[in-house]
Amino acid sequence: MRKVTAVVLTIAMSLALAACGGKAEDTVTTEESGKTEEAENYTIGVAVDTLDTQFWIANYQAIKDRAEELGNITLVEAIASADANVQNQQIEDFIAQDVDAVICMASDGAAIAAAVDECNEAGIPIIMNNRPVVEGTADPDAQVLSDNKQMAYEEMKWFIEKSKEEGKSYKCLMLVGNLGDGNAVERRDGYQAAVDEFGEGVVEIVLSVPTEWDHEVALAGLQSGLASNPDIDMMILPSDFLWEPVQTALTEVGKWAPIGEENHVACISFDGDETGRQMMADGYCWADAAQSAALQGETCVDTALSLIKGESLPSRDIKDSGLLVTCDNFEEVKDSF
Amino acid sequence: MSTDILTLKGIRKSFFGTEVLHGIDVSIRKGTVHGLVGENGAGKSTLMNVLGGVFRPDEGEMLVDGKPYAPQSPKDAQKAHIAFVHQELNLFSNLTVAENLFIEDLPLGAFQQVKYKQMEQETVRYLKDFQIDVNPKTKVENLSMGVRQSIEIAKALIINADVVIFDEPTTSLTKVEKDQLFRIIADLKARNVTIIYISHILEDVFELCDDISVLRDGSLITTMPAGETNRDALISLMVGRKLENVYPTVEKTIGEEILCCKHIASGSLVKDAGLTLHRGEILGVFGLMGSGRTELMRALFGLDKISGGEIIYKGKNFTHHTPKQAIEAGIAFVTEDRRDEGLLMPKPVEENLLLVHLPALAGKTGVVDQRKGEEMADASIKALHTKVQNKKTQLVCNLSGGNQQKVVLGKWIMHEPEVLILDEPTRGVDVGAKYEIYTIIQERAKEQSSVLVVSSEMEELMGICDRIVVMSAGRMAGEIECSEFEQNSIMEMALAGGGKA
Amino acid sequence: MFLQDNIMLFVFLVFFICGMLFVDKFASAYNIKNYLKNCAPLLVVSTGLTYVVLNGGIDFSTTSIISLGSVLGAHLLVESPLAGTPLAVPLTILIIVGIGLAFGVVNGLAVSRLKMPSFVATLSTQLIGAGLAVWFGSILFEGAVSLGGLPEAFRAIGGRGMFWLPILIATVIFVIFNWMLCKTVFGKQIYAIGVNPRTAEVSGVPVKKNIFLLFVISGGLAGVASIIYTAKNGAGVPTMGDAMFIDIVGSVVIGGTDPAGGFGGVKNTLYGVLFLTLVSNILNLMGIEWFYVDLIKGALVIAAAVLNLIFKNLGARGRA
Amino acid sequence: MNEKAGKGLQLSWNHLYEYGVFVIFLLMIIVFAFSNPHFFTVKNAILIVEQSSPLMLGVCGMAFVLMLGGIDISAGANMYLSAVTSALVMQKFAESNGPGGSAVYLIGIFTALLVGAAIGLVNGCFIVKFKMVPFIMTLAMTSVLTGIGLILTKAELLPVRASGFQPSSIRVGPVSMVVVIVLLFTVVFHYLLKYTVYGRQLMAQGNNEEAARKLGIRTKRNAIIAYVICGAMAGFGGVLSAGQVGALSSNFAKGNEFDIIPAAVLGGISLFGGKGSILPGAVIGIVLVNTITNGLTMMAANPYVYTIVRGVIIFIAVMLDSMNYKGELR
C-alpha cells in the first residue's frame, strides 16, 4: 500500500504547487513594475543557436561589447546547439528569470513562434537577431535583418554584368544553407532571381547542393557534385562558413586557384567575415555581400533598450543593407567591414 | 608394472547442505581402463568433476603417482596430465579444428602470431593416430558428434595426459562412431595411458574395462577386476540397496483412463514412445541418460514439437498444443532444471507462487485479485510446510533446495491440475524434504488427479508409484505393475535398449 | 524495501526543496508551470519506453516517431484539405498515434518473431523514421524545413492557454499504464519475462505475444508524446526528437528501472522524469550552458545504473 | 566420416547471408551506374574510398567489441572529443612554432589515439567490472563526451587545417596519405584479429564465454582490451576525418556510430559475437555505406532518402544474422 501513497503524494504535491503558484502570479507583476523606477539596470536574455560561423562569433561579441559599453545591462546567455525544442525551453527559462528583453538567433524560423508568443504574453520584448520568424506565424517586437534577398540579387547582378564585359559564360554550382533558416531561403531566391533575369547565356545554375550548414554534408555534396559535373567553373556560397569544404573539394580536383589562372573557379560569397575577407585578399573570391555582424549586434542591443523604455520603433524590421564588396572596390572598402 | 597412478582417500562433497559423496576410497592402476558404473545421481559425475578440478572436495585427499594432487581449476588438472572429456563437449563451434585443439596455448611466432602451418601439421598428426582424416581448417560447427568427440580426445593427447576421463561418451554416437571410439581407447591403452570410463551401458564396460568400480547413493560399494563379475551381479550391486526408508502410502482408487499417447516421436531422442495414465494413478517413468524421458514429457506438455504419433487427453485429440493450452486443460509440468525453467530466482516467493495461477486470479477484466492471491499463496505455503519468513520480501534464491522445490510444486498445485508431470522432483533435496514431497504427491493422487513421475532413483519410483514404465533409447522397453516391482528386472529393461545403437 | 523502491523520490524531493530555497526565480508560478509542462510529454514517452526496458530491451525509434508525427501532424493541420475543418484536430491526433503504433508493430514483430536484438531493430526503424520525417518535411513544406501556424485548439494540448492540459494527459496516461503494470496479469507477466523468459514460457506465459505488445505500447505512447511536443512548440519540426533520447532513456534508467530487465517500473520512471527535468530547469535558470546539462545527464545515467546494480546485488546477497 | 551430411540446409542460410549483402551491393552499383555516367569511373571509386577511410578505422575497432557480443555507441562522440582535443593541442603547437611540418601530424594522431583509448578504457571498465549493459553505458557516454567536447570548444568552430594538419593533401600516387594509413591499419587489425593469440581467444570468448573461462582464458582482461582498441580506432578515425573536413563544428561526427555499426553488420560481423572478420567483410560494409551516399547524391536524390535506404539495409542484414539465433529475445 505504501507505494500507492507515494504516487498519490507526488501528484497531489505537484497540482497543489501549480494551484498556489496561481496566487503568486499577481505578486510577481506588481514587483516587476516597481523595479523599472529605482534601478536603471536591465537584464537581457541572449538565445544563441550555434557559434559555428565567424559571423555569429563576431555578432555575439558585438552584443557583449555593446552591453559592457552601456554599463547598465547584464546578459544571460543560452546556446541551443541547433535544437529548436531546447531553444524554446531556454527562452521560457529567460521569461521565468524576469529578463527585460530577449535577443534571439532562431534555430528554426517556424518553431521559434511558440517562444515569441510566450514573450508577447509575458510582456517581454523579443528581438530577432539576423534570422527572421516565418511570415505570419508570430510577431516579434523587432527584427534586425540583413536584406538577404536584395544583397544576393545585387551581388549576382554585378557578377553577370562583369562577366558580360569580359565575354565569359559560366556553368555554376549553387550551395544552399539550411532550408529551415529564412536567410538561406532568401539568399537562394535572390541569386536565382538575378540569374533568371539577367543571366541568360552567361551564368547557368547546373546543380544546387544542400549543406544544412554542416561541413561534412557540404563536403560530401561538393565532391559528388564536382565528380558528376566536371565542367563546373563557378560556385555560389550562401555564407563564408562554407569556404572550408569548398577549398577542400576544389583542391582535390586541382581547381583551387586564384583569379586569372587557367583552372580558376569563380566564387561569390556572403557574410563578409574574416575568412571571406581573406579569400577576397588572396584573389579566390570575386564578390562578397558583407553583412556587418558587429553593426547588427549593436543594433539589437540598442533596439532592446528602446523597447524596454517603451519608445516606439520606426518599423518592425530594421534592414542592414550591407555592403557589396567586389574585387574591383576591395582596396577602398576593405577596412569598413 | 602397473603401480597405482591415482588413489583417492575419504573424498566427501556436499551441495547446499546435502552430502553427495560419502567418503570414497579408490585406487586406479596405471595403464588400465577403469570402469565406473552406477545409477543416475549415484555421484559418478561429481566424483570425476572433483578429480578434474571442476569442484573442490570438502574432505579427503588425492594422489597422482604418489604425489599429493589438489587441483583448484581444470587448468591445474591439465598441468597434472589429467584430461576430462565432458559429456557436453566444450568446443568453440566458430573456430576450426586446429584452433580448438590448441586454444589454451597456441604455437606462437615472433610477433605473437599463431603459427598456423605448424599447428595444422600437428593436428593432422594427432588425428591420424585415430584414423580420422578431417581437414584441420573446417569449422567445428560443420562436424558430426563423433568427429567432435575425437577432437576433444585429441586435446587430451596434446597435453600428453596420463589419465583420460570419459563421461558417458557413447550416448549420442552412431554404431560406426562407437567402434571407432573403442579403437581409440585401445590405442591409448597400448600407450600406457590410464582411462576412467563412466557409462551405464554395461556391454561397453565389460568389453573395454580391466577393473570396474560400482558407486551407489554416493558411496563406493566395491572395486573388482572385470573378469570376476558378470552382468547380473553388477546390476544387483548397482541397485542392491535395502528398501529401508519408508514411503507414505495412502488409500485411493484408480479411476478411468485420462491420458493416452501412442507412437510419439519428437526431436532426435523420442523415437516411438507411448503410455496411458489413469485418474488417481501415480505412473513412474524410469530410464537412463539419453533414453528420452525428459524429452517425452516436454513433448506431452507442448514445449517441444511432436513429429509423429498422437495424444488423446480426456477423450479429445490433444496432439498439438502450446504450454498455455496444456495448463488451461489442467496439465502441470515441474521441470528437471529448477533454477532455469522452474523459478524466477531473483524474485520473492509470492511472485513465484502466483505465476501460473495469474490468469485464473484475474478473470475477464485482467485485473489480478491481489487479496485472493495472497490467501492462496499463504494456503500453499502452509499446505506444503514451506519454510518462509516473509513471502513478499524473501527472494527464492535465498531458499534451500527443498524449499525451492516446494515453491515450484506450490506454483503448479495451486492451479489444481488433473495431470501433474514431475521431472526428477527430489534431485538436490534433503531427505526430510523428500518425504514431504512424496506425501504431497500421494495426496494429489488421493484427490483423483494423476501424477507422472520421471526419476533416476529406482527406489523412489518403487516406493510411490502404482505402475512403472521403462524407456530406453527413445522407445518403451517395458511396463511393470506395483506388485511385481523388482530392481534387477527394471534395470535389465532400462539397459536392454543400451546395446543396440 | 520502501526505501529501495522509492530512493529516487527522496532524491527528487531533496533537489526540489533546494531549488525552491536557493535558486532564485525557481519558485515563481511561471517557472513551476513551465517545469510541469516540460515534464508532461517526457513522462508519456518514457512510460512507453519503460515497458520495453523491463524486458531488457530498448526502443530507439521513439525519437523518430516524435519527429515524423510532428511533420505529418503540422501538414494535416495547416496545408492539407483537412485543415481548418472541425474534424482536423481529432483526426490528426488519431493519425499521429497511428504512426506510433505502426512503428511499434514493426519493432514488435522484428524482436518477437524475427528474433532480432531490439537495439538494432529499433535503430533501423529509427533511421527510416528520421529519414522519412526530413524527406516529407522537404516535400510537404515546399522548401521550408518546418511548418508553423498550427490552430489554437491543437496548441492547447501543448499547454498554450491551458497549461494544465498536457499535465492532465500525462497524469492520466501515467495512472493507466502504472495500474496496468502493477495490477493486471499482462503487467505481472512482463516482470517474469524480464527476469527469466524460459521459466515464464514453461509457466504458460505467452512470451512472444507479450514482448510484441511491449513495443506497440512504446510506439503508441511515443505518438501521443509527439502530439504534445508538436503542440507545445507550435510547429512541425522534422528534427524535433533528435536530441531527446538521452532524456527519455535517462528518465527510465535514473528512475531505477534495471536496463537488464525484470526490475523497476512506471512509478520509478515518474521520479526519473521529475528529477531529470528539474536538473535541466535549475541548470538553465543558473545560466549554465546547454552542453554542461547534456554532460551532467550522461553522468547521472551512469551513476544511477551503477547504484541500481549495487542495490540488486545487496538484495540477492544470498544468491545460491 | 559423414560430416558433409548435416550441413545441407545450414549451408544455404549462411551463404545467403554472406553473399546476400554482396548481391545488394552489386545491384546498387548497377542502378547508380545507369543513373549517372560519372558514377562508374575510377576517379569516383577513389573518391568513395577516400570518403570512407576514416570510418573504416572505426569499423576495425568496432569489430573487436562486436566479436564479444558487446556494442560501443559512443564511437561518434569519441571521434568528436578526440578530434577536438588533438585540434586544440595542434593549435597550441602551431602557435608556438609555426604550422605544418611532420611534428604536427605525429602530435595530432598521438593525442587522438590516447584520448580514444582512454574513453575505451572507461567504457571497458564499467561494462566488464560493473557488469553494466553495454549499450546503456556507451549511450550515456555519448552525452558525456559530447558535453566535454562542447565545453572545450565553447561550441565555437575550431580550425584544424590552419594548424597545418592536412593529411589528405599529401598524395601517394592517385590516393591520399589518409587512405594509405587506413589500409595499413586495417591489414594490421585484420591480422591481430585473425592470426594472433588475442584475436583467437576473443573469437572463442565471443562464441562461448563460459567454456573460455573454464579453459583459463582471461575473459575480463580481453574484453577491456577490446573496448580500448575500439576507442583508440574511433579516436584515430576522428582526427583523420577532421583533417579532411578542415574545421570542427559542434555537430562534427554526430551519429557516425550509426554508420560504423551497420557497416560492420553488413560486412558479416554478427551481433551475437564470435562471427565475422575485418577483411573483406567490414571493409566492404563501410564502402557499401559510402557508395550509397555517393550514388544518391549523384542521382541528385534528396540526401534524406539515404538514411531511409541505410535503415532498410541494416534491417535486412540483421534479420538474416538473427535467423539462427536461439537465445533470449531481448
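Labels A, B, C and D are assigned to the chains in the order they are written; within every chain, residues are numbered from 1.
One rule holds for everything that comes next: contacts are C-beta pairs under 8 Å (C-beta built on N, C-alpha and C of every residue); 3 or more make two chains touch, one makes a residue touch a chain.
Not measured: the values here are computed from a predicted model.
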{"item": "Graph separation of chain A and chain C (steps between touching chains)", "value": "1"}
{"item": "Chain separated most widely from chain B, comparing mean CA positions", "value": "A"}
{"item": "For chain A paired with chain B, centre-to-centre distance based on mean C-alpha positions, whole Å", "value": "74"}
{"item": "Centre distance in Å when chain A and chain D are each reduced to the mean of their C-alpha atoms", "value": "35"}
{"item": "Separation of mean Cα positions, chain C and chain B [Å, integer]", "value": "47"}
{"item": "Intercentroid distance (Cα basis), chain D paired with chain C, Å", "value": "30"}
{"item": "Two or more partner chains touched - positions in chain D", "value": "150, 155"}
{"item": "Residues of chain A whose C-beta touches two or more other chains", "value": "79, 81"}
{"item": "Where chain B touches two or more other chains at once, by residue number", "value": "none"}
{"item": "Chain-to-chain touches, reported pairwise for every pair that qualifies", "value": "A-C, A-D, B-C, B-D, C-D"}
{"item": "Touch list for chain C against partner chain A, complex", "value": "2, 5-6, 9, 25-34, 36, 38, 138, 143-149, 155, 158, 160, 163-164, 167, 171, 178, 229, 232-237, 239-240, 242-244, 267, 270-271, 274, 280-281, 284-285, 287, 289-291"}
{"item": "Chain D partner contacts - residues on chain B that touch it in the complex", "value": "54, 73-75, 90-95, 99, 103-104, 106, 108, 111-114, 116, 132-134, 138, 141-144, 146-147"}
{"item": "In the complex with chain C, residue positions of chain A that touch it", "value": "2-3, 6-7, 10-11, 14, 17-18, 21-25, 28, 76-81, 83-86, 88-90, 92-93, 95-98, 108-111, 113-114, 117, 122, 134, 136-138, 178-180, 185"}
{"item": "Complex contact set, residues of chain D against chain C", "value": "71, 126, 130-133, 135-137, 139-148, 150-151, 155, 258, 261-262, 265, 271-272, 302, 304-312, 314-315, 318-319, 322-323, 325, 328-330"}
{"item": "Chain C - residues contacting chain B, complex", "value": "1, 183-186, 188-189, 191-192, 195-196, 198-206, 262-263, 312, 315-320"}
